[in-house]
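Think of it as A, B, C, D, E and F in the order they're written, each chain with its own count starting at 1.
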Amino acid sequence: MTSTPSDLAHPDHEAVRTAVAAALAEDRASFDVTTQTTVPPDQQGSGAFVFRAAGVVCGLEIAREAFRQLSPDLRVEVAYEDGSFVETGTTVATIAGPLAAMLSAERVALNFAQRLSGIASLTRQYVEEAARGGDATVVDTRKTTPGLRAFERYAVRCGGARNHRDNLQDGVLTKDNHLAAASARGVDLASVVRSARAGAAHTLRIEVEVDTPEQAADAVAADADVVLLDNMGPETIRPIVEGAPGVIFEASGGVNLETIRAIAATGVQLISVGALTHSAPSLDIALDVRPE
Amino acid sequence: MTSTPSDLAHPDHEAVRTAVAAALAEDRASFDVTTQTTVPPDQQGSGAFVFRAAGVVCGLEIAREAFRQLSPDLRVEVAYEDGSFVETGTTVATIAGPLAAMLSAERVALNFAQRLSGIASLTRQYVEEAARGGDATVVDTRKTTPGLRAFERYAVRCGGARNHRDNLQDGVLTKDNHLAAASARGVDLASVVRSARAGAAHTLRIEVEVDTPEQAADAVAADADVVLLDNMGPETIRPIVEGAPGVIFEASGGVNLETIRAIAATGVQLISVGALTHSAPSLDIALDVRPE
Amino acid sequence: MTSTPSDLAHPDHEAVRTAVAAALAEDRASFDVTTQTTVPPDQQGSGAFVFRAAGVVCGLEIAREAFRQLSPDLRVEVAYEDGSFVETGTTVATIAGPLAAMLSAERVALNFAQRLSGIASLTRQYVEEAARGGDATVVDTRKTTPGLRAFERYAVRCGGARNHRDNLQDGVLTKDNHLAAASARGVDLASVVRSARAGAAHTLRIEVEVDTPEQAADAVAADADVVLLDNMGPETIRPIVEGAPGVIFEASGGVNLETIRAIAATGVQLISVGALTHSAPSLDIALDVRPE
Amino acid sequence: MTSTPSDLAHPDHEAVRTAVAAALAEDRASFDVTTQTTVPPDQQGSGAFVFRAAGVVCGLEIAREAFRQLSPDLRVEVAYEDGSFVETGTTVATIAGPLAAMLSAERVALNFAQRLSGIASLTRQYVEEAARGGDATVVDTRKTTPGLRAFERYAVRCGGARNHRDNLQDGVLTKDNHLAAASARGVDLASVVRSARAGAAHTLRIEVEVDTPEQAADAVAADADVVLLDNMGPETIRPIVEGAPGVIFEASGGVNLETIRAIAATGVQLISVGALTHSAPSLDIALDVRPE
Amino acid sequence: MTSTPSDLAHPDHEAVRTAVAAALAEDRASFDVTTQTTVPPDQQGSGAFVFRAAGVVCGLEIAREAFRQLSPDLRVEVAYEDGSFVETGTTVATIAGPLAAMLSAERVALNFAQRLSGIASLTRQYVEEAARGGDATVVDTRKTTPGLRAFERYAVRCGGARNHRDNLQDGVLTKDNHLAAASARGVDLASVVRSARAGAAHTLRIEVEVDTPEQAADAVAADADVVLLDNMGPETIRPIVEGAPGVIFEASGGVNLETIRAIAATGVQLISVGALTHSAPSLDIALDVRPE
Amino acid sequence: MTSTPSDLAHPDHEAVRTAVAAALAEDRASFDVTTQTTVPPDQQGSGAFVFRAAGVVCGLEIAREAFRQLSPDLRVEVAYEDGSFVETGTTVATIAGPLAAMLSAERVALNFAQRLSGIASLTRQYVEEAARGGDATVVDTRKTTPGLRAFERYAVRCGGARNHRDNLQDGVLTKDNHLAAASARGVDLASVVRSARAGAAHTLRIEVEVDTPEQAADAVAADADVVLLDNMGPETIRPIVEGAPGVIFEASGGVNLETIRAIAATGVQLISVGALTHSAPSLDIALDVRPE
């Protein structure tokens, strides 16, 4: 008997290991002159990770790796799995072991966990708000922090949303600039779709970003698999969606916590939100330490 | 005849090159299936980077490197140097050259520039608000994005603030947890300061974080070079600062755009603000492309 | 006026640079004791790359990089672009410059060019043979040499074929083992397709590998976008393809130069051939050197 | 009591680890969208590696590492050690553990094992054929796949042959081009040998490649330690070898499964064969999976 | 109950692992043709590390890592911890396990241990000699071997001295050239100190190198935290030190085993000695092996 | 017309680039807080590298690279090529360009040049002293600084000596421990030589280290190509060498500037000296800067 495939596949251990090692090196955690001169290497202690605001837990595995790299004797016990929503004051994990290593790794561990929990928490708000409007799936964008994309996409999943393409290879999405480039060569939208279809691997769908209802109609006529409606209001979106029942539509642009409900109510299948990753504030998490 | 030493020393080229290469690889920009199948490699074009909100310019050199790595023929001309404040609608830089490479690098270039301009812009608000209260210097913290610290510290300088220590090696700062660790061993604050002084290189000052006026008095008595007053209100801070004129004081905790003016008015020399780097929203920058 | 998007996008320069540097290090080309003890560093010479067998040119840019890394003064002039078919005895490129560096880089340069030209040449035979049968597109597989995939896929394009998905991320392809895994959990093919559709980014099509006409019918009924018919003869393939006109079919397994024509004649849209990359013999290329 | 030194020293673990990690990254095995969306991470299974053709086993340790990197819980049991000759249909190893990781690593594991077993199997044919002619030792060349030399040399040893020098540092071998370079400077073969002898470390022998019996005589007269007879027929080789009993001779060029027997019969000590590594077809190995 | 903070913090394991791996690769220890052809991989043995001269033990952990990387079955037992002074003939550690791996790693292990023990031993002589003169602390400089700084600083600590700043970031030290640069711009020493104070993080002290008593007086007047007296004799140093009791003074230049005692007797707080790291001869350590 | 092959082949540019980049990172030269806060980035200056002791110039190319990496505008002009002997006070090179970058790179540049010039200078003494005794060639050993072997071997060549094998792959040298290992298995010296001959590539000679005249006779009888006489006095060496005219002999152990002359007089062909690299003191080189 086995479970179902997980929606929350964690970034693989090697990616975690590498990112954490780079962050510890950046902080020169092995040269922590304060701790090395004031805390004996064999003093023990314990600590609690406390959420100082309500939100979605994310990044505890990565935090654990930061501690583990500075000392294999530091043991982190997770009380709430990534993806859990917790209230202010909740202890989401505990740690025990050599105190000096704990202090040297603390900042790096929290820098990861606070950022990812911040993204997961904001995502949850978008997902809940969209659900009040309709069945649209909230997805992220490629507007992620350089170097942290796999982690931030994971945080988005922890928050209950879904991922758009990961990078420029696993999806065809012609943007306004691609169409403008074609237009300057005297090539129309339908030809662009044909070129993409002919040149891309047959495993990829063809998605086309459009700015107007007329362009949307062109894209549908050109047999695009997915049409991205950029910066259109709900009243513009709705008739487009209703008029092409076999096509997948994605809305983007001008999406925020005030507007997403109405956009979801248009019947659009997907809503992509850049703010999930480019503008989520950190969530406040404290490590309360108890030395022995 | 030469200028004065710069406050805005840019991260060195190798750091820029490496971070940009990693970001382009993460986005698999060399495998941009959309552009490769729809835009000929020899089509030319130009573009303008337009600020869609008022703010401080930051990160244009890094954006330039992203384009340069995909094509040495892409030329970026900067109109407003990093650190400039510009109004909504300003074109801060232009680009010209092969269109396909421009489109493949666009997202990575903007991901850097939007994040760094966001930090610089928020920093500027803090600096201006603090200046209304007094002469305190606003400084950042180590609460930066893993992997991007050198860039984010640069953005903080572009916004008019100054940097705290860069990492765990270039400053001694005993935190509450270091003191608690000592206390558990029966060691008092004065002994901790002595240990740090004896163990650290003589090129480093000793800074001590304290939570109460009593601890602050202990730190002053122990001859700490700098005392960090954590989470204290202006009325608590003022008498401490006034009572120890030869000591440098830093305030932190609970600092936001509403409170910083009053904190600056206490006479404290330094105010550190984690939000500068951990919670600045991206600034909206567009690349408007004109194909030829 | 610009050209059309290229079918032959070359692996990007950084990938070439890295692979060549690794190969030169592997051969310890900078420690070439023979050349260093017998050829003065300033002796000049020229050379000709001669095809000792007829075939398709591929890999000259990579060979050029090998020479360039050992001496920026080595200049390679290409007479026949990658993708050209040439007869036995053709000089496809010439080289001139410092002789010692030329000799130290020769083996690495040829190791790349001979392998890639071998793949391109074999691919061309498959493409020509398939064209005698019908309009099917010949595509490669992921059965490439570890570390050289981007180069070998390029060689396949030079030979006139097209690429399948590049890796496990840019295509969904459920294989027999995925279906067997599902079956062991009591999950049928249609549910597998639904799971993949729900979990994968909306930019990806869903392809299903099947072994029997019954499975093929299931896949079509489950709305798979592409159906891979594995190890079926032409007489089995033809009715499946003709019976589902809106579906894309790919044939694989048991494809060789004797069978591909008949398979192409079935009307199948795609034929994937592992041998293009896993079993192409090197093409014999000589560097004929003339010292000065 | 210990064994004798092994002829089959395996590439060291670090080299295996690095090559496998690069191959898994190339295949983006940690982003296997098909498996992640259709197979639960905790479903278990087993599998058998079956040789679909007779041949020499090689590369199982490397395949094992591929599985281990994706899941430390995948256990590979080897039934036939590298170097064993097995008949069609033989199960050479079994695997058990998490099914999803097994499927994500399968292609990389097989890409290594099929290529290396292909080389080992072809090598064995050459060795057996040469043995029918005489006592000559079959050796490989530097015509290996860039990045895989240590593995391919190991495969050659598994096939029963021996290795020539590994790279440009661990052997002196003046080729026709070195002699031509000298000749253009008015330097004769004997002087080239003297230069190499004077300049190379005293731990290296001096080998000279020659094209004619006259050159061979010159090389012998110049006291070369080893003389490489390039592209000569058996009737040319035999008298040269017989005429210089104290010298080591190597034959190369035009060696194939049809000619090697006669070359071996000339009494030459070494026969080098580029085809062992540059043109061996992959051996067909299947992973038959049984999900639980 | 815990110990006090250690003066001997060892370079972290990752740094050790990386440096050792690079050294083994440099020596191509995995391609040890002598050992591979003459020692069976399963032959066991033991060995003793014997000091052939009296001195301070240093680097045994690094040596241990070299053996461990070639075989996890090699076990090193340390008899004298790093920092111990031992007489000629002392066995400081023993090793047991596979003999072949032991021989392949031997040179790399000893290259580290001999160099670091040489530094530690020379340092001890300087420390003892200085102690005969006064209480001055002996410190090292940045004149270390490229790539080995962290290890050599550790050796200095093992020898009983202390470390100066680690690098150009964790200390401000204006040298003669900085002052000359300022002077050429018409800027005086006091302004240089002010610039450094204003621009550097507040966690750093300001140290000023001076060549004359007049400059020393300027530096004291400018409120420099530390003044480095370069190339001055004891009779010059003494009055400067006595004349500014609240300032920290460091002496450097012309310091050797003959002069350090008199310099220490001047009352100067710190004496920096480049020779500790740039000119310490290796200490002779042998690995006496006993095969089984 | 070309020159003869060089004895002084410089380590290749990539090796220089990598080692210098690592050294600058180790020194955090891009974070030089002193220079950044006191010297404007556009101030220019020049400088002279002055030998403060007589010796052999070595490492100027590497020093040049250190400056170039911090600023491409720094130009180094070399007055005395590597390998030149110069008197105290000689200016061996000059530099001009941005002063700040010059100061930030100075220490790294000098750390390389002082160490390598120290090795070259000591080597020259050994070579001159040996020449007074006879024709023996002085060679180095593998007792080099981890990470710097290629550079230190180059310094040895600059000093007029020659290199032994570079690493464990490019030479067979059975040491006392290999013979002891064999002996413990009941295998004699002659069998060890045969094993090595059979297992190593045919491009390698077989060298055997021996401790006694009896062992030396065994090695000669076993047809070893080279015999290394370890720790024997001149009177022991001479008869061995004279008794086996066709064999190459190398002396090692107990070689210093007092003994090398007599050893060279025995007629031995090679003398290897570990001290060349493991115990050469740095040569004092100053960078005298003149700001503009």
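Please note the rule applied: a contact is a pair of C-beta atoms (placed from the backbone, for glycine too) under 8 Å apart; a residue touches a chain by one contact, two chains touch by 3 or more.
Quick caveat, the model's predicted, so the values are computed rather than measured.
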{"item": "Touching subunit B and also subunit D, the following chains", "value": "A, C, E, F"}
{"item": "A-E compared against B-E, more contacting pairs", "value": "B-E"}
{"item": "Pair in C-F, A-C or E-F that repeats B-C, with over half of contact pairs matching by residue number", "value": "C-F"}
{"item": "Rounded Å distance, subunit A centre to subunit B centre (Cα mean)", "value": "23"}
{"item": "Interchain centroid distance [CA atoms averaged], subunit A/subunit D, Å", "value": "46"}
{"item": "Between subunit E and subunit C, distance of the C-alpha-averaged centres to the nearest whole Å", "value": "54"}
{"item": "Length of the line joining the C-alpha centres of subunit D and subunit F, rounded to whole Å", "value": "34"}
{"item": "Of all residues in subunit E, the ones touching two or more other chains", "value": "2, 4-5, 31, 33, 36-40, 43, 166, 169-173, 185, 195, 199, 201, 204"}
{"item": "Chain-to-chain touches, reported pairwise for every pair that qualifies", "value": "A-B, A-C, A-D, A-E, B-C, B-E, B-F, C-D, C-F, D-E, D-F, E-F"}
{"item": "Footprint of subunit F on subunit B - complex, ascending", "value": "2-6, 9, 11-12, 14-15, 166, 170"}
{"item": "Complex contact set, residues of subunit D against subunit F", "value": "2, 4-5, 7, 139, 162-166, 169-173, 185, 195, 199, 201-205, 207, 225-226, 248, 250, 269-270"}
{"item": "Subunit F to subunit B touching residues, read off their complex", "value": "21, 30-31, 33, 36-44, 69-70"}
{"item": "Footprint of subunit F on subunit E - complex, ascending", "value": "19-20, 22-23, 26-29, 31-40, 43, 45, 99, 103-104, 106-108, 110-112, 114-115, 118, 142-149, 167-175, 177-178, 180-185, 192, 195-196, 198-201, 204, 275, 278-279, 281-282, 289-292"}
